[in-house]
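Multiple structures follow.
Both of the next two complexes hold chain A, though its partner changes from chain B to chain C.
And then the complex of A and B:
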């Protein structure tokens, strides 16, 4: 053991000397490159492109820009210390400074490129409609759905994962519901998105367009009882798939007292304003 | 070995189970709340009083928003089963608690029970009610020796202070 240690010492010393020699050599080379060497006179000077112009859009004022706070910033109602959420928010802002995560809702069409060691070109791109935005804080996720070769594919991406290289919004729009999981039981035409779709221009001011489409469903049985009032789904054409008698029967599961239950209310308006101003400040630094 | 402690721990659930289900619980709390708004002091079991306390305070918060607010009116008409108490809520209770930011109720646990089932009872009241207080303050008798001596001492000190300044 002592012999190995001695040998290691000599190795480390030799490595160190090599490194210092290399550094000295590099330093020597770099100083020589800075000075105009006779080698450069034979080749023409290297082309340096002109600096890119900085575009400042003064047609849209700051006041008219739409105020959007991503839902994963709003902490849930818990007994944890708010310091934990503020720490998470700092990390989220740090990641957002590197990767631009645009504003999107359930029902918008996104294209996500993710680093993949097994794919050719090391990246894979997936285009789909966002059906759900879940999770709070750094573990926030969104699920994209698309139908490729007659096979429905859903991928759940973590927004703050370092594997994600870019998130583009191809079409920004909202739907009548926050959760479009019922698209699994809808006709495939409502979930197909063209993978080579071009991004549509979206305005940064004004209301986000709400697509009031009502989706037609496949015949029952569905994966969940989407007709029940606990899901509160507005975006399905129930008149085509259910009789009025069935609709009345389903009201048995209605809980009308829930909207009056004050214990279930979680008023986030003040919290939202606070967090929005905090995030704006951090992002502009 | 599967430990089922997960099923025994409530994990952040704030609503107690009462009655025969969530609907029965809400109906029971509604009745108790209506009684509280009518009589301003009621006696129930400790668990029910604790649950109603939260709803009573939230109802007053809604009442403070005013008569004209739609949501406030809907809440009041849902929670008060006797409709003649709705104007009482908006016109008597809401102005009474204008200056209070929170804490409109007081709950006191009662020791002895005359009930057969030995249930622990509590008294829940809105502050500012016309009844005598639950915790009566003992008035100090001024005519006792010690109180007279202390009174004399305080007066002497006041005289000295006035003479100095």
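And then the complex of A and C:
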């Protein structure tokens, strides 16, 4: 307590001295008739903006920070010219410089504020769990799901839409699957997110926490046959809703040859590194 | 052959809000040839069931088996769609053995989206209603609801009920003129 009081005294003293200096200068300039500054005759002094504060996080090295490239940067395997994708990436980076789109995955809890001409206060805030990230390039979307007043609501947001004012991650985590559309057929408690939730701090280095939760489902029929192998869902408790005989029966739809299909291979590792370095360079400019 | 039926109470479900589903699953464990027990899980029963509106209303110890399939959403709301009435009118909330169904959609094509008027058959009578949310995904930034929601309306556009608990999409406000009274009784917007 005494230490901070001393510090406060010093601060006040320095502020006071600054203020007196300022007043002295002003008084000097206003009272003197002939200004002793010949260099500033015709044009007023050019305004130089103060240098931007550079925030250096000294606790972490660049190497330890988690490398994350948003999936919509990776172009799909198509016969289009790569120039189209690089143009799109430029526009995406331009938008990201204005709006900070943080790192998130399917299963993270987000709060999105959107400009809405029809809403009261012109802004509309929605909190929900991200169940799907789709699209590539500027048309990338993510779907947030929440249950409000016993009613399940999903909104599909376009990530680069100018209507989006802010995207904050309240809880950063991954799930066992990339696509959580099965939450529509799961018990409502798994899709309910508190709209007044406070953001939880997440570390910027190390692995993203994986929530290995296995969700309980509502009774069948479901909107899709989630038990079938083509969805490859790990996050459902099938032992509670299906018998072993049914699980065996479902294997009839398995296509085990697909993982060995060479024409379906798309190795994006080198492309990812290139695009990651390119995006880092553009963002730091 | 007598089949012992085991009823499990919904103790594991955390409350918070009452779950909007009241249907029941019957699964047969064990071999199909000699079914030993039918375990029936009865969920907590509020007024509305998950995809069948109006059924399984009333007493909470009904055991029913769902023997029909639910097809995926093709068009938003059309003739013969079963809808969920979301206001607090007596006509919409009293139980009946048949769910309220759409019998006419007042649009050029027979497809109803949010903001369209429809004619419902509820409790043996015809009643006009306004669509306030559907299961079909619509525009990109607009909400998609998990049930087809409808608000009962009079001929002049006045709502029959006095309150709407369920969130309403904000783009209904654009069609201000006719639905201002409906928007006035809405409690929350999404």
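The criterion applied here is as follows: the second predicted complex is superposed on the first by the 230 of 285 C-alpha atoms of A that agree within 3 Å, B and C clash if a C-alpha of one lies under 4 Å from a C-alpha of the other, contacts with A are read in each partner's own complex, and residues count from 1 in each chain.
Simple rule for what comes next: contacts are C-beta pairs under 8 Å (C-beta built on N, C-alpha and C of every residue); 3 or more make two chains touch, one makes a residue touch a chain.
Here the structure is a predicted model, which means the values were calculated and not measured.
> Look at where chain B and chain C land on chain A after superposing the complexes, then choose clash or fit.
Taken together on chain A, chain C would fit alongside chain B, as the superposition shows.
> Just chain B (first), just chain C (second), both, or neither: which does A:263 touch?
Only chain B is touched by A:263; chain C is not.
> Would you sort A:103 into first (chain B), second (chain C), both or neither based on which partner it touches?
neither
> Looking at A:124, would you say it contacts chain B, chain C, both, or neither? Reply first, second, both or neither.
In the superposition, A:124 contacts chain C only.
> Once the structures are superposed on A, label A:178 by its partner contacts, choosing first (chain B), second (chain C), both or neither.
neither
> For A:219, using the defined touch cut-off, is the partner it touches chain B, chain C, both, or neither? Pick first, second, both or neither.
A:219 sits against chain C, while chain B stays out of touch.
> Count the residues of chain A touched by chain B and by chain C, then name the partner with the higher count.
Chain A has more residues touched by C than by the other partner.
> Report, in whole Å, the shortest distance between any C-alpha atom of chain B and any C-alpha atom of chain C after the two complexes are superposed.
For chain B and chain C in the superposition, the minimum C-alpha gap reads 18 Å.
> Find the residues of chain A that appear in the contact set with chain B and again in the contact set with chain C.
none
> Where on chain B is chain A touching in the complex?
Going through chain B, the ones touching chain A are 12, 14-15, 22-23, 26, 54-55, 58-59, 62, 74-75, 78-79.
> Considering the complex alone, what residue numbers of chain A touch chain C?
114, 116, 118-120, 124, 126, 141, 147-158, 161, 163, 184, 187-189, 192, 218-221, 223-224, 241-243, 245
> Residue numbers of chain C touching chain A in their complex, please.
Residues of chain C touching chain A: 13-14, 16-21, 23-25, 27-29, 31-32, 41, 46, 50, 66, 69-70, 72, 86, 133, 137, 140-147, 149, 165-167, 170-174, 187-190.
> For chain A, which residues are in contact with chain B within the complex?
78-79, 255, 257, 260-263
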